[in-house]
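Here the chain labels run A, B, C and D in written order, and each chain numbers its own residues starting at 1.
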Amino acid sequence: MKKRPMTANHFSLRILATRNLTLKQALLVVLTVFCTQAAPYISAASTDTRLPLVAPHAQTVTATAQSLWDWAELGYLETQSSSLLQQTLADAGFNVTPGLADIPTAFVASYGSGEPVIGILGEFDALPGISQAAVPYREVIDDKLRGHACGHNLFGAGSLGAALAVRDYLAASGQSGTVRFYGTPAEEGGSGKVYLVRAGAFTDVDAVLHWHPGDENKASPSSTLANKSAKFRFSGVSSHAAANPERGRSALDAIEAMNFMVNLLREHVPEETRIHYVITEGGIAPNVVPNFAESFYYVRHPNAGELATIWDRVIAAADAAALGTGTSLEYEVIHGNHSVLPNEALARVAYEHLIRLGGVEYDETDRAFARQIAQTLPIGEYKDGSESVIEPFSVEQGKGSTDVGDVSWNVPTVGLSTATMVPGTGLHTWQAVATGGTALAHKGTLVAAEVLAATAIDLLKSPALIEAATAEFLERRGPDFVYAPLLGDRAPPLDYRR
Amino acid sequence: MKKRPMTANHFSLRILATRNLTLKQALLVVLTVFCTQAAPYISAASTDTRLPLVAPHAQTVTATAQSLWDWAELGYLETQSSSLLQQTLADAGFNVTPGLADIPTAFVASYGSGEPVIGILGEFDALPGISQAAVPYREVIDDKLRGHACGHNLFGAGSLGAALAVRDYLAASGQSGTVRFYGTPAEEGGSGKVYLVRAGAFTDVDAVLHWHPGDENKASPSSTLANKSAKFRFSGVSSHAAANPERGRSALDAIEAMNFMVNLLREHVPEETRIHYVITEGGIAPNVVPNFAESFYYVRHPNAGELATIWDRVIAAADAAALGTGTSLEYEVIHGNHSVLPNEALARVAYEHLIRLGGVEYDETDRAFARQIAQTLPIGEYKDGSESVIEPFSVEQGKGSTDVGDVSWNVPTVGLSTATMVPGTGLHTWQAVATGGTALAHKGTLVAAEVLAATAIDLLKSPALIEAATAEFLERRGPDFVYAPLLGDRAPPLDYRR
Amino acid sequence: MKKRPMTANHFSLRILATRNLTLKQALLVVLTVFCTQAAPYISAASTDTRLPLVAPHAQTVTATAQSLWDWAELGYLETQSSSLLQQTLADAGFNVTPGLADIPTAFVASYGSGEPVIGILGEFDALPGISQAAVPYREVIDDKLRGHACGHNLFGAGSLGAALAVRDYLAASGQSGTVRFYGTPAEEGGSGKVYLVRAGAFTDVDAVLHWHPGDENKASPSSTLANKSAKFRFSGVSSHAAANPERGRSALDAIEAMNFMVNLLREHVPEETRIHYVITEGGIAPNVVPNFAESFYYVRHPNAGELATIWDRVIAAADAAALGTGTSLEYEVIHGNHSVLPNEALARVAYEHLIRLGGVEYDETDRAFARQIAQTLPIGEYKDGSESVIEPFSVEQGKGSTDVGDVSWNVPTVGLSTATMVPGTGLHTWQAVATGGTALAHKGTLVAAEVLAATAIDLLKSPALIEAATAEFLERRGPDFVYAPLLGDRAPPLDYRR
Amino acid sequence: MKKRPMTANHFSLRILATRNLTLKQALLVVLTVFCTQAAPYISAASTDTRLPLVAPHAQTVTATAQSLWDWAELGYLETQSSSLLQQTLADAGFNVTPGLADIPTAFVASYGSGEPVIGILGEFDALPGISQAAVPYREVIDDKLRGHACGHNLFGAGSLGAALAVRDYLAASGQSGTVRFYGTPAEEGGSGKVYLVRAGAFTDVDAVLHWHPGDENKASPSSTLANKSAKFRFSGVSSHAAANPERGRSALDAIEAMNFMVNLLREHVPEETRIHYVITEGGIAPNVVPNFAESFYYVRHPNAGELATIWDRVIAAADAAALGTGTSLEYEVIHGNHSVLPNEALARVAYEHLIRLGGVEYDETDRAFARQIAQTLPIGEYKDGSESVIEPFSVEQGKGSTDVGDVSWNVPTVGLSTATMVPGTGLHTWQAVATGGTALAHKGTLVAAEVLAATAIDLLKSPALIEAATAEFLERRGPDFVYAPLLGDRAPPLDYRR
C-alpha cells in the first residue's frame, strides 16, 4: 500500500462543486465516464471555479481515471493504462520516452526546456484478488479478479491533469523550465520507482510532486516506513510421510522454524519495527513430506539503516532454519522502498494551496453514496461535510510504505492526499474500489491536480523556494548519505503479477 | 496411497508372455489401445498358459487398463472409467446397480444367485498433480495434470478380469453362488469404500477379494495403518499488518500454534503413530494480517481405537490454538480408513495360487524398459528376474492406509499384490505412472486377476474355507467389536477433487 | 525496577560539595560510614550551604543509607532497615504505626496535626543475586548474595532526611499540617505500596512526595508502564522418557506452548506493550517427562485498562497451552503496579527547587571514583561535571514500572531523581551497588532530600498549590475512574524472597 | 536409569527363604542392618539352602547392601561405599587397584591368576532428589535428598557376594583363572564404566558378568538403547526487558528455538529414537533479558551409528538456534552409553542357573510389606507368589540405557535381574528406595549373587563356553567394528553431582 503523505488508512473527502453544471455538460461527463475505452485529450472548461488550472483538462482527467479503473491492470502489466497516458501527453506536446529502466510500462514525458525541472509522479497499477463494481454495496465483477483498491487510477489521472496544467502555464508564460510526468508502474509491491531512481531518471530534477487518493485532505510532510520484502524458498527431501518420514526433510519445517525465530525476534527489535509474513506454499499433500515450501516476508522500520540491521537478523533466522532442519534456502528480494524524506519547505506550499482551495464538495448524489458506503465501514455513519475538512499541518511518522520514498531521498519531494474516498474508508478495501469508479472520486482527484499544478507553478516561478527545499533536503539527508536501493541490484520483477 | 497387502513401497514384477497372439487379436488390441490417444508400448491378449481362467478376458483387461490410464479420472469424478466397467460387466450378463451410496461413480455388478457371495473390489481413480507419458524417462503430458500413479487403472481392470473369470465358472458349473464386482471410487483420500460399507453394501457378503499393483509379488496377510484426516480452518480478523497489527487476529498464527502443539505431541504418542500435515492456505499478502488459513492433517495408527484417542488430542491442540490466538476454528473430517484386518485362512489360499503361478515374466522389451526405469530409481540398476520373485508369506504391519480396511472389518477379506511396476518403483511416482501405461504392467495385472479368480472359485467350492475364514475374522475382531466409520456421518465429499 | 520519574537507565550526577569539611567533621563522617550497624538520630550541621533544610540531619541520612546498604535486606524481609527508620522517626517525635496492611516491615510515621497532610515515601528493599563491594571495580562480597542495586538504601535515608526537615519546619512554625513518612517495603516485584493503598493508608493524604536514585538530576512529570506479573504453573504426568514417553504429559511442553502463543501475540498488541518471561522450573532430569514446570511473566503497558485486555489474552494463551498439551494450569498473580499518573502542577514546584539548588557536586575523590566506574560502563569515559546537569522539564513516558504508580492514582504525587550514581550507570548493575555505598551517593541523596523538604514546605504553606494539584489530578484520572489494584485481592507475598 | 537385561520398568521378585533362621541369627541380621556404619567381612552360613555358593557371605552381602543404602552416595562421590567394598575385597585376599581411569571411586579387585579372566561389575551410586525411609508408605528422610532408587546398593553388594564365592572356588580348586570385581561408579548419567573401558580396563577379560535389581526375575539376552547426553549452554546479551528489549539477545530464545527444531525433527527420525530434554536454566528475572540459559538433552537409539547421525542433527539444531537468535553456543557432552550387545551363549548359562534356583521366596513379613507397597503402585494389588516367577528366555530390545553397554561391545557380557523389589515397582521411585532398605531386597540380591557365581564358575571350568561366547560376540559386533566411546575424549565429570 502506498500512503506517503498520510499517517493512517483513513482519509476524508470533499467533492468538486458541480453546481453550475448544464444539462449538456452533465451528459458529456456521463458519456465520458461510460466510454471507458478511450480518453482523448479534451480541452473543456471546468465547472468548479476553484480549479482554474485543471478545469480545462477536467474531462480528460475523469475519462482517464475511468479507463484505468476499468482496465485495472496489475503491476508491470499496465500496458493499456501506460499507453493511454503516454498518448495523451504526446498529444499535448510532451516528448515521451517509453520503456524507462527496461520496464515496458515505465515512461517519462517532458515538456518545456531548461531549469528548473519539476517532476510529477503518476501511478496506475491495480491490486490482484479484489473485484468490485462502482456501487455502494458489495458486488463482485465476476470476470475481474483485480481492482483499483488503492486508487492509482485516480493518482495517474490526477497527475496527468496537473502536468497538462503546468504545460499550459509554461506554454503561456514562455518561462524557462521543464515539467516531467513520470509514469511509474508497479507501486504495489513492485517498487517500480526504485528502478527508475536506480537508473538515474531523477538525477537532474529539482523537485518532485505527487499525491495519493485517500479519505481525508492532507498536505503534511509526513514520513513512511522503509520496507523490504523477500520470498524465502526452502528445499527439502520428499518421502512418504507414513512409510518413511525419517527419510524426509520437510521444507515446511524450515518455514515454521524461520517463523518461530522471527517471532522471538519481535521482542528484540525496536518497537516501531514491523515484520509480517504469509506462507505462500505450505506443501501439497499431507502424506508426502514437502520438499518445497515458500514464505513471503515484509520487514519495515522508519529508518533504512536500522531496517538493514533487522533484515540481516531475519536472514540469519532463515539460514538458521535451513541449518536446523536439514534443508536448503534460496531467497529472492522482491521489493524495497526507502521511507519518505519529508520536506517541510515544499509541504508548506502545497498545504497553503490546499487550504486555499478547500477539500472535496459533495452534491446530493455523492452524499447518498457516502451514506450507503459509511454503513458498511467501522465508522457506521457518514458525518456530513467531513470530506471538506483539511487536516492540520503536522510532521508525522506514517506506518505505510511507498516507492516514492526512494525518490524523496534523491530529490526534494512533496505530496498530498485528497478525500477521493468516503471518509472512514480504508485503502485496499472493496469500498475503495467502488468509490474509485464514481464521479465522487473524480472531484477529489481534480482538487489534488489543482494543488499539484499550483505548487509546481510556484516552484517554476520561485528559485528561492527550490533553494530552500534543497537546503532542507540536504540537511535532512545528512552529509554522509549515500543512496543505495534496498532491493539491491535485482532486475525489475516484470512477471511478479503473472 | 493405498497399499493394503504390502508393507512398503517396493514390489517386483514378471510379465505375461504374449507369444501366441493371432493377427486378429493383435489388431484388436492395437485398435483398442490407439482408441485411447496413444500407447507406443503395447500389450495384447494373453498367451500365458499359466492363466487359464483370465486368458479369455485378457484383451478386455488390457484395453480397459489402458482406457482408464488414459482418462486418469480423479476421485468421485471417474465417470468414463466407471461407465466402461459397468458396461463391460453388463455385457457379460452381470446385473449392475449404479450410484451406490449416493455416489454417482460407485456401483455393484452381480452375477449368479444364492450363497456364498464373493465380492471383488475394483478401484479406478487417478491422482492429481502428476503427469507422465508411458515412456521410461520423465516426460510430462502437457494437457494432463493427473495420472495413475497408484496403478488403479490396473486394479480396476484386473479385478474386472477376475470377475469375468468367476462368472465363467459359475455359468459353466451351474453351482449356487454369487460373484459381485464392487466399483469403488475415490480410494485416494476419498475413502470411497467406507461410504459403501456404511450404506450396508457388504452386509451379506461372505468374503471379499482385492489386489493392488506394486513392484513385488506378495500375498501375505499384512495390515495397514488406520488413517483419519481433516482440514482445519481458522478464522481471524484482518488488519493492515504495518498500520494496525494490533487490531488483527492472525489465522496463520493459529495454524502455527496448532502445529507447534502437535509437534510437541509427537513425543507423547505411541511411536508407531504417524501425524503429518501441510498448510493449504497460509495467507494472501504479507501486508494483511490473514483472516483465514487452513491446514490439512493425517493421523494414523495401527489401531483404530488408539487412533481415536490420539485424534482427540490433535483436536484439543486445534481448539487450543484458536483459544490462544483469539481466532475461531472449524474443521472438516475429510476421510477415514480403518486398518486392514488380516485373514490368514484366506491369505494362505491366495498365496498358494500365487506360488503356483509364479510372478511376472518379462520379455526383452520389458527388460529394456525396466533397465531404463531402474536407472532413475534409488536402486540404480535393474536386477534381472526380480519381477518373478514371490515374497515369503508373513504377517506384517504396513505403514500405508487404504479404505479396503473398512471392508475388512466387516467381511473376511484377502488381497495380494503383483509386480506391475519395475522392482524398486515407489507408488505415487512418475515411474509408476509411466509403467502403468505399458504392456509390462498388464502382465502383472493378469497374474493378479488369475490369482483372484482361482481364490474366488476355491471359496465358491469350499464352505469349510469360508467357515474357517469367518471364524478367524470373528476372533480377530473380538466379541465386543462394533463398527463405526472413522469419518463419522459426513456425506461423501464428491467435489473434493474439483 | 523502579524508575518513576526517569525515562531510561541513564542518569547524571553531581556530588554535594564537601570543600569546607573540617578534619573533625571528616573523621566523624568516616566513623559514621564505617560504623554500619547503627545510625542514631544525630543533629549536625551540613557542610553544603545549598541545603539548609536537611543539613541538620545530614549525618543521620548518610549513616542510615550506609546501614541499609550494608544490611541489603530483601523485599518484606527488611526487618533491621525498617526498625532503624522507625526508631529514628520515633526519636524525632513522630508517632509510628508499624505493621501497616498486615505487612511486618511496612509502617507510617506521623508528625504534626491537621491539614494539609503531606506523605513522603521511603523504600529500603535490596535485590537478590547481586553482590558488590563499595569499590570502583568488580568485587563480589562472598557472604552476601544481595545488594542495593536500585539504590533504595538512599531512597529510604533521603526521604527520612526530608521528613525530619519538614518536622523541623512544622515544629518551628507551629503551622497546621501533618507530615507522614511511609515506610514502603518490597518495591522490587513485591508491590508493597499497592497493599498500603488497598488498605486505605493514603485516603486522607493531600499530596505524596518521593524520589529515586539515578544517574541524572531530573524532576519531570513522567509516567511509567503499568505492570502485572504472574507465575504460571503447569502440571502434567511423569513417565520414563525413553520407556514410556506416550504415558507422559509434559508440563514443560505446556510452558513452551504458552510461550509460543505469547510470542505470536507480540505482533498483535500495541507496540508499546512489553511482555517478558523466564522459565523458573523446566524439569528435573531429561529421562523423566516433567510433571511440573513454571514460568514467570511480566506484562506492561502505559495504560492499565489496555494492560488488562492484553493480560486476558496472555491468560488465554496459558489456558490454551494446558488444553493443547493435556496438562493443567494454576497461576498466581505475583505483583501489579499502575502506571505513574503525572502531576505537572507539583512537578513544577520540585523542578524549580532542583534548578535553584543545582545537581550533585563532586570533589576530587568522587571524580576519581567516577572515572574508574565510567571505564566499566558502555559510555567508557566520565564527562566532567555531567553530575551537576539538570535535565530539562518534559513530560515523558518511561519504560520502567513502580508501585508508586498506585499511590499516584489515589493522591496527587510528585517525584524526582538525583544523580547518586556515576552518569551512565544503569540501575540493577554492580556499579549501582558499588556507588550506593560511597559518600558520592550520599551527596545526591541530600540534594534530593532538600528538594523534597522544600517542596513539602511549599505545599504546607500554599493551599492554592494543593488545590491546583488536586484539580489536575482529578482531570487526568477522568470522572469515571475507579481504582482497582492490578494484583486483585491477593495477600502480600511475604515470603516471595525467601 | 540402568536397565540392561530388562525391557521395561517392571520386575517380579521372590524372597529368599529364611524359615530356618534361629533367634540368634535373626538378631545378628538385625544388628548388622542397624549398624550401617561398617560391614566387616563375615563368614556365616546362609539359611537358604538353594544358595550354597554365596551362603557363606550372606551377612557380608546384606550388611554391605544396608550400608550403601544408608550412605546413598551420588555418582563419583561414593567415597565410603567404594572404600567399604575395597576393604572387604582386600580382606578376602583380593589385590585392589584404586583410582582406576583417574576416577577416585573406581577400582578393580583381582583374585587368582592366569586365564580365563572373569569380570564382575559392581555399581553403588545413588540418585539425587529422592528421599525415602525403608517403610511401605511414603516417608521422606528429612536430612537426605538422595536415595538408592535404582537399587545400586544391592547391585554392588550382590556382585561382591558373587566375587567372594568365585574366590572360594578358585581357592578351593586351585584352578587357573582370575576373578575381578570392577567397582564402577556413577552409572546414573555419569557413564562411569565408559571411562574404564576407554582406559583399557577390560582388554584382557574373557567375559563380564553383572546383574541389576528389578521387580522380576529374568536372564534374557536383551539389549538397551545407546544413549548420549549433553548440556547446551547459550549466551546472549542482557538488557532491561521493558526499557531496552531491543538491545537484548535472549539465551532463552535460543533454548526455545533449539527445542522447536528438535521437536520438528521427531517426525523425521526413526520411530524408535528417543529425544528428551529439560531446561535447567531458563533465566533469572522476567525484567531482564536472559544472557544465559541451559538445557539438558538425552538422545537414544538402539544403534550407536544411527544415534551418531541423529546426534549431528540435534547439534545442527543447536547451532541453528544460536545463529537464528544472535546468541552463542557451547555444549558439553555429559555422558554416552552404547547399547548392550547381547550374548545368547552366556545368557543361556545364567538362565539355566536362574531356572534351577527359582526366583525370590517371601516370608510373611515380606508378603505384608509387598501388599502395602502394591497398594501404592499402579497395579493396586500384590499377586501372591509373583516374586518367584522366572520370565521366559527371549531376545528383546529394551528402552533403557546403561554404561554396561560399552563393556558389552568390548567383552562378551551377560547379566540378569532378580526381583529385589515388589513386583510392579518402577525403578527410580520411592517404592524402589523403600524396598531396597529391607530384608526382602536382600533375598533377591543373594539369588542374583548365586547365579553370577555359578555362571562364573561354569566359565572358569569350560573353555568351550568362553570360545562360543567369544565367537558369538565377534559375529554380532561385525568384522568392521571399531569401538569409539560416544562421550568422546572428555574427562570424567567428577563434579556432576556436586
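The working rule: a residue touches a chain if its C-beta (ideal position, glycine included) is under 8 Å from a C-beta of that chain, and two chains touch if they have at least 3 such contacts.
Just so it is clear, the structure is predicted and the values come from calculations on it, not from any experiment.
K.L.:
Can you give the shortest number of steps from subunit B to subunit D, where adjacent chains in the path must touch?
P.N.:
Minimum step count, subunit B to subunit D: 1.
K.L.:
Greatest Cα-centroid separation from subunit A: which chain?
P.N.:
D
K.L.:
Select, from B-C and A-C, the pair of chains that is joined by more C-beta pairs in contact.
P.N.:
B-C
K.L.:
Calculate how many whole Å lie between the centre of subunit A and the centre of subunit B, each centre taken as the average of the chain's C-alpha atoms.
P.N.:
Measuring from centre to centre gives 53 Å for this pair.
K.L.:
I'd like the Å distance between the centres of subunit B and subunit C, where a centre is the mean of that chain's Cα atoms.
P.N.:
71
K.L.:
Mind checking the centre-to-centre distance between subunit A and subunit C? Centres are C-alpha means, answer in whole Å.
P.N.:
Distance between chain centres: 50 Å.
K.L.:
Residue numbers in subunit C touching 2 or more other chains?
P.N.:
Answer for subunit C, listing residues that touch two or more other chains: 245, 256, 260, 264, 267, 271, 276, 289.
K.L.:
State the interface residues of subunit C toward subunit A in the complex, per the touch definition above.
P.N.:
Residues 260, 263-264, 266-267, 271-272, 275-276 of subunit C touch subunit A in their complex.
K.L.:
Spell out the part of subunit C that touches subunit B in their complex, as residue ranges.
P.N.:
Touching subunit B: residues 245-250, 253, 256-258, 260-261, 264-265, 267-271, 289, 313, 316-317, 319-326 of subunit C.
K.L.:
Report the residues of subunit B in contact with subunit A in the complex, numbered from low to high.
P.N.:
Residues of subunit B touching subunit A: 1, 3, 8-9, 129, 189, 225, 227, 229, 240-245, 252, 256, 259-260, 274, 276-290, 295-298, 300, 399-401, 426, 428.
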